[in-house]
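Shared chain: chain A. Partners: chain B in the first complex, chain C in the second.
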Partner chain A sequence: MTDDIQVWMKVAAFVGGGMAMGFGAIGAAIGEGYTASKANEAIARNPQLSGDLFKTMLVGQAIAETASIFALIIAMLLLFSNFSHTSPLLIATFLAAGLCMGLGAIGSGIGSGLPTAEACIGIERQPQMKNRITTIMLAGSAIAQSPAIFALVTSLILLFIDFTGKPVSPTWAAILGAGLASGLGAIGSGIGEGLVAKSGCEGIARQPAGATRTTNVMLLGMAVTETTAIYGLLIACILIFKNFPAAESIAASMALLGAGLCMGIGAIGPGIGEGFAGQSAVKWIARNEEGTATLTRSMLVGQAVAESTGIYALVISLILIFVA
Partner chain B sequence: MEQIKHIQKKYGSLAILLALGAGLGLFVLGFKPVGKGLILGTIFSIVNFILMAESLPSRIGTTRKKATIFSFLWIIIRYGLLAVPIAISLKLSQFNLWGTVVGLFMIQMVILADGIISQVYFSTRKKNSTENLLWKN
Partner chain C sequence: MEELGRINQLIVPFFGHDMTFNIGVIVMTWAIFGFLLLFGYLASKSRRIIPGTVQVVGELFINQLYGLTEDAMDEELGKKYGPLICALFMFLLASNWCGMLPFMEEPTKDLNTPLSMGLMGFAIAHYAGIRAKGFKGYIKEYFEPIFFMMPLNLIGELAKVVSISFRLFGNIMGGSIIILVVSHLVYSILLPPFLNAFFTIFVGAIQAFVFTMLTIVYIAVQVK
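After this line comes the complex of A and B, so read on.
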């Protein structure tokens, strides 16, 4: 029996590692490719700036790649670590850690590429503002990485916390649910934050005089967009740290797995939707100084409404954990 | 390509200087494996950053199919290379894993720090005549 568990632990570590790197490569590759496509567009329009544009593209791509390096680290930990003890719960842990990091890197990879791409276009059209645009691009790309950092933190907690003494059922489902909540929950926010940051870069290039107000609203919009990823992290933490009593029935396990799935999937749409609201507000605030207060209010209301579906998912997840 | 070389030199040298400084400090404080891991990770982070740009000329001026295959292989090589220090630190106790992981992000940290410094510089500098800058359509 112990030998069987050891074999399945190895299988789970290999599958988890594969999923971490496989899924984790998707977002960064899309983000970097999109950046390169916009850099090409900018270079074609203004070949004299090719040096500056190559530079911006390269620096932005290096940041966009961060999420996939997180995935690489988790994959390597799963493939090469020697785990001292044998437990059936470790099978769920390895799968959950791999899934969480792989899925969690998708949104941030794509999101980080968006401001970099727009920065290339902005620098081509407004070369005098290249330093300011690059700074905003870096800030936007870095903040868009935070959902992937949440996923990394969840994966590391899953790998290093000791579940010994906890009942196999329903803890296995809580572990998998935690990975799914945090990993899936990071996708929407990562993309949404990238959309807001993209508009910030465009706005500063188009209207340099309004750089401060554009930056402020961009940061506000990104902060609100991130909340759904925080819900995912919250549910993941509850699932990991709460002690669940042993349960013979599969229903208890399914409730916990359902809670993770509900929060993870439920956070994707609101994250992207809030990103759209922020993107549009930042874009028009850059062009219309007088409308800053009204547009900021409209953005916040729009984001709050878009977020309500994420809150419904959060409520249902909490009911599944504490009531079902 | 001169500007690319310049930026590689700038961020690469800053990253290694930072890693050596921090590594030395960690050696003195008795955290030898952490320092070694940090320096190891940083070296691979710099090599990865250099390789990111090195393939650009080879991809330009070739067929789309060849460029796609080359880019894909290049990505595998780069990620394979980044996996080496993690594998080393997992297998050898002389290198601390977390030090290595921090080192792997040294280039990104230097880029971001440079961005923050530029931001501070721009916010404290006298407001220039940004009103006269025109968006080129």
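After this line comes the complex of A and C, so read on.
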């Protein structure tokens, strides 16, 4: 029996590592390609700046790749670490860690490609603002990475925490649910934050005088857009650290798995939707100084309403964990 | 790798309950208090028209953060909440950056610190809301747009505390775990300074700013 579990642990580590890197490669590649396409466009319009634009493109692509590198770290850990003890729970852990990081890298990869692409266009349009636009691009794509960082945290906690002594029956579902909640939950917020940061870069290039207010509202909009990814992290933490009593029936396990799926999938839409709200608000605040206060408020209210579906998902997940 | 997730705890029995103190976090928090008090003393000790180095840094913080607060609220309320916002930002910045020094750890890496800061902001925002609109007007807000939206508005308010504190915690914790794991994988050759520059200095500063900005906005939304 022990040999059997060891074989399955190996299988799970291989499958998990493969899924981490496979899913993790999707987002960053799309983001980087988008950046390159916009950089080509910018160079075509203004060939004298090709040196600067080329540099900006490479820096931006390097940042967009961060999410994939996180996935690579997890895949390497899964493939090459020697885990000393054998436990059937480790099978679920490896699968969950791989899925979590792989799915979590998709959104941030795409998202952090958007501001860097717009920064290339912006530098072409307004070469004097190069330094300011580069700073905003770095800030925007760094914050767009945080959903991927949340997924990485969940994966590493899953890999390094000791589950021995916990009952196998509901805990395997809690582990898988935690991975799915954090991984799927990061997709929408990553893309949404990228949308907000994109219009921040664009706005500063169009209206350099309004750089400060545009930056502030952009950071605010991105922070609110990130909220649903944080709910995913929260549900993942609860599922990992709560002690569930042993239960033979499959229903208890499915409740935990369902909680993770509910929060994960439920966070995708609100993340993208809040991104749209923030995107247009930042875009118009850059152009219209008098409207800053009104637009900020309408952005926050709009994002709060868009987020309410994410809050419904959070409530249902909590009910599934604590009541069902 | 063994230090990952280890916390030094002091457990004190108290009338049948165990009270848990995270010693490292408390010591670090007090160290940062001490540093900030020293900074404040040095910055305001000999104020001159032509300022010294420390005074310039102090004035920079105060000017920028008062400006932010006054933009979001108004002149009068900005003066009232400015000191709070300055203190919050400087504390969070020092907390996020202190992990770079040897033998120091970020207090914000422990969920208790961001959560208490978030709860503080929550309490102050709602107190300000009650002061500004009166108790009746404050309660009425929860029944907008229709009365049965009340539970959801309530959960939405509580979710703000969760999101603001978990955002800071997740980013700082994530950064420090990444630095630890990658440094371990490359045997601390070449990469750690760059990782520290990005995750500690850059992300730390941005997250401190975002937390402060959100606290300002939460107060501003309540008073308007």
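We take it that the second predicted complex is superposed on the first by the 324 of 324 C-alpha atoms of A that agree within 3 Å, B and C clash if a C-alpha of one lies under 4 Å from a C-alpha of the other, contacts with A are read in each partner's own complex, and residues count from 1 in each chain.
Please note the rule applied: a residue touches a chain if its C-beta (ideal position, glycine included) is under 8 Å from a C-beta of that chain, and two chains touch if they have at least 3 such contacts.
The model shown is predicted, which means the values in this text are computed figures rather than measured ones.
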Three-chain arrangement built on chain A, chain B and chain C clash or fit: clash
Touched partner set for A:Arg125, first chain B, second chain C, both or neither: first
A:Ile73 touches, of chain B and chain C: first, second, both or neither? both
Which superposed partner A:Val59 touches (first chain B, second chain C, both, neither): first
First, second, both or neither for A:Cys100, with chain B first and chain C second: neither
Chain B versus chain C as contact partner of A:Pro208, first or second or both or neither: first
Partner chain(s) touched by A:Ile161 [first = chain B, second = chain C, both, neither]: second
Partner chain in contact with A:Ile149 - chain B first, chain C second, else both or neither: second
Touching partner for A:Leu220 - first (chain B), second (chain C), both, neither: second
Touching partner for A:Leu114 - first (chain B), second (chain C), both, neither: neither
Segment of chain B intruding into chain C (one of 55-63, 73-81 or 91-99): 91-99
Chain A residues contacted in one complex by chain B, in the other by chain C: 73, 76-77, 138-139, 142
Interfacial residue positions of chain A with respect to chain C in the complex: 70, 73, 76-77, 138-139, 142-143, 146, 149-150, 152-153, 156-157, 160-161, 213, 216, 219-220, 222-224, 226-227, 230-231, 233-234, 296-297, 300, 304, 307-308, 311, 314-315
Contact set on chain B toward chain A in their complex: 1-4, 7, 49, 52-53, 56, 75, 79, 82-83, 86-87, 90-91, 97, 101, 104-105, 107-108, 111-112, 115-116, 118-119, 122, 130-131, 133-137
Chain A-touching residues of chain C, taken from the complex the two chains share: 1, 4-5, 68, 71, 152, 155-156, 159, 162-163, 166-167, 170-171, 173-175, 177-178, 181-182, 185, 198, 202-203, 206, 209-210, 213-214, 217, 221, 224
Residue ranges of chain A in contact with chain B within the complex: 21, 25, 29, 51-52, 54-55, 58-59, 61-63, 65-66, 68-69, 72-73, 76-77, 80-81, 124-126, 128-129, 131-132, 134-135, 138-139, 142, 205-209, 211
